[in-house]
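Just passing along the structure, written as structure tokens.
Lettered A, B, C and D in written order, each chain numbered from 1.
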Amino acid sequence: MAEPLTRPQIAWRIAQDIPDGAYVNLGIGMPEMVADHLPDGREVMLHSENGILGLGPSPAEGEEDWDLINAGKKPVTLVPGGAYFHHTDSFAIVRGGHLDLCVLGAYQVSAHGDLANWSTGDESRLPGIGGAMDLAMGANGIFVMMELCTRKGAPKILENCTYPLTGQRCVDRIYSDYAVIDIADDGPVVREMIDGIDFAALQGKAEARLRLAEDWRTLAAPDL
Amino acid sequence: MIDKIARTVAEALEGIEDGSTVLVSGFGEAGVPNVLVEGLIEQGARDLVLVNNNAGVGRHGIAALLAAGRVRKMVCSFPRSVGSVVFPELYAAGKIELEVVPQGTLSERIRAGGAGLGGFFTPTGVGTQVADGKEVRRIDGRDYVLELPIRGDVALVKGHVADRFGNLTYRKAARNFGPSMAMAGRRTIAEVYEIRNGDGLDPERIVTPGIFVDAVVKVER
Amino acid sequence: MAEPLTRPQIAWRIAQDIPDGAYVNLGIGMPEMVADHLPDGREVMLHSENGILGLGPSPAEGEEDWDLINAGKKPVTLVPGGAYFHHTDSFAIVRGGHLDLCVLGAYQVSAHGDLANWSTGDESRLPGIGGAMDLAMGANGIFVMMELCTRKGAPKILENCTYPLTGQRCVDRIYSDYAVIDIADDGPVVREMIDGIDFAALQGKAEARLRLAEDWRTLAAPDL
Amino acid sequence: MIDKIARTVAEALEGIEDGSTVLVSGFGEAGVPNVLVEGLIEQGARDLVLVNNNAGVGRHGIAALLAAGRVRKMVCSFPRSVGSVVFPELYAAGKIELEVVPQGTLSERIRAGGAGLGGFFTPTGVGTQVADGKEVRRIDGRDYVLELPIRGDVALVKGHVADRFGNLTYRKAARNFGPSMAMAGRRTIAEVYEIRNGDGLDPERIVTPGIFVDAVVKVER
């Protein structure tokens, strides 16, 4: 039986689906890894909420410019064609539907595409929303990058989210360790699954009822 | 590779449909993309809703498009500038609709369209005809009118220098409606005097980031 | 009996009341004349709705730059310290209360400071609003520059405006050919009137009831 | 003559009153006017409402102001960034109020304050806790939440280069909240690394026109 995809492999898989010329926001954390796997020859403009289009790779050690950080507050570089703008304009880009794609992490996704990724509802924890709600409602396509289940084995694709929502009916597609799943009008549709898992076993990893696309394909990624 | 440079005006304007709402930058004559607007006559789209601060000067540019009978409705703040002749004739003859909007509200509605907002409350127009039929609400002790966003199917803007990424700078007060209209166009086309090759414009000087721009065409001064 | 002030003299009188360092918008037409009479040594930043702060004098003939025009579409210059910005930002300046003063013309002003200056209500005439409504509601101080009566002798200071309004309760002060009149909470108060007119005669030029300030002064301007 | 250059931080901060709402630019550490914020400790104003994207890092700047007990309430989008230690302690101890706002909404509310709007409808937060108790309205087929403006009694921003007119440029992504907060402050004070003498900055490169700025102070890098 094939192993589930690692996080770098999920990032690689997502990167294959980002078209040349796309304007993309990669959420803080796991989704940032997607940038490392964009296929050669594709020019993708990465957006950062704090006011940058054209994020480049991390600077070499000692070359950091702390006025040039990404939304995760890490030093970055700017690619040719990049631009700076102020924060309110940056969110005009987000909310105004100008981003082709946004890749976000998730605690939970519902069968109809609701996203929960900012709070577990734990009142003892300091709340923090950041830009996730704007991105969830604003970008044209929302890709979620996550494992199908929590570390404790609880499914994250649910009939309805139990955690506080980030956005309603916003998720278009989930890229996970076992499968690529579209959120269609009638619920989650499995487009790809890894070799060696059968659909029943996959369904066991989700609470929401999944449907297997007739033309489903094998989910695979190179060793990374 | 990103390359938004169109070789011809016709290529840049391809696909504009009848009935489109077209945002056209400019204030008076400054910043009007005359080449694109006149290209639109050639392109042939009709039954247009045109959004511009004014309503054309003389018989060229916007006035020529109006004279060609392509515009069903004009949305503007001030259609009777010095030298405006075509629009007043059409309006007097009942051949064109007019929506007149306070200038700041016009601009803010366009920005709201580009910024994904559903509307905003502005103090402008409270207690005037402009507020007729609109919601007026007292917020924090002051009255405001609810105004709704304007989006364009197409925005035609005039920049100064561009690069292949669609980044734009403007020149002096010709900047005016360009940046907000570029945001609010589902398809935004810019005419510019210069296209910078190589690594793109200085990222600190860019006024309109390329994400808002779909095509760029170089025109002669 | 002293002559009423000419328009250049009214402009001169207004200019005396514009403090050093003020940010001011001069409406299209008559109010533009105020710029020519600013006292030496006062640095006043003039705003133009189309996206300029720091309007300078008209360029010499042959030096016109048609990308640098004012709200009246006439070629201008830029003073040191001036800036360009886009039109929506320009009206953020207007509406956001950032202008210290705006000088506007008027068809009518009411006793409580309503302003009518965009339409005579004549339906046969092509309507046009321009920036007047934004300026009327946005600038911190609204000065009106006008003659007290129309060319046909009809008073322009009325109990209530009969023409469509530009803004409600927005006028702070009227500078006119015969008098300088504040709009106070309880109605128009004459602060200055020209020599040789008595208050009764002045009242005859207004429909709204005027009040003469106890400390009223003579309105005078140099020959211009 | 216009001269907005303050000789000292103390002079720039004069008159800030207890209970003020203070907007502080910056995203993480980039663009935070640390010298002004620490000057505010010296200045002594208390019972402040502080608006910043985050809630301080380490024990300097915003964190130092918080630790000094001067802030009654924090308005921010994300108070638990890496290195944020002081705010979480105060919050856990019930010593400070928190209003957490989606990042784009925070920024747009500040712009609305500066632009004289009474509020706006945004899609962000529809169907979430953020919309609790707020008006939700369907406009043109989409749901929006009504959000209200934020104005600051004071805005403290970090620019790069300034002139005596208060015109500002920024450096790279340190621009972030500076331009909108500068608009929204009843009194706006900027710290910059350089003051250009003579005729002022290039009018095409100015990001914040001086009309929004009341005082400028030069700080060391």
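Criterion: a contact is a pair of C-beta atoms (placed from the backbone, for glycine too) under 8 Å apart; a residue touches a chain by one contact, two chains touch by 3 or more.
These figures come from a predicted structure and were not determined experimentally.
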Report the chain whose mean Cα position is at the greatest distance from that of subunit A. C
I'd like to verify one number: the distance from the centre of subunit B to the centre of subunit C, where each centre is the average of its C-alpha atoms, in whole angstrom. 30
How far is the middle of subunit A from the middle of subunit C, if each middle is the mean of its Cα atoms, in Å? 56
Centre distance in Å when subunit B and subunit D are each reduced to the mean of their C-alpha atoms: 32
Would you kindly tell me how far, in whole Å, the mean C-alpha position of subunit D lies from that of subunit C? 35
Listing for subunit D: what residues touch at least two other chains? 108, 111, 115-117, 122-123, 171-172, 203-204
Please output the residue numbers of subunit A that touch at least 2 other chains, ranges allowed. 78, 84-85, 91, 94-95, 138
What chain-chain pairs meet the touch criterion? A-B, A-D, B-C, B-D, C-D
Considering only the defined contacts, which subunit C positions touch subunit D in the complex? 20-21, 23, 41, 43, 45, 47, 53-54, 78, 80-85, 91-99, 138
Over in the complex, which subunit D residues touch subunit B? Could you list them? 108, 112, 115-123, 137, 139-140, 142, 144, 148, 169, 171-172, 203-205
Quick check: in the complex, which residue numbers of subunit B touch subunit C? 27-31, 53, 77-82, 87-88, 91-92, 98, 100-105, 107-108, 110-111, 122-130, 170-180, 207
Of subunit A, residues touching subunit D in the complex: 48-52, 65-69, 73, 78, 84-88, 90-91, 94-95, 114, 119, 126-134, 137-138, 164-168
For a test of understanding, state which residues of subunit B touch subunit A in their complex under the given definition. 1-2, 111, 113-117, 163-165, 167, 183, 198-201, 203-204, 206, 209-212
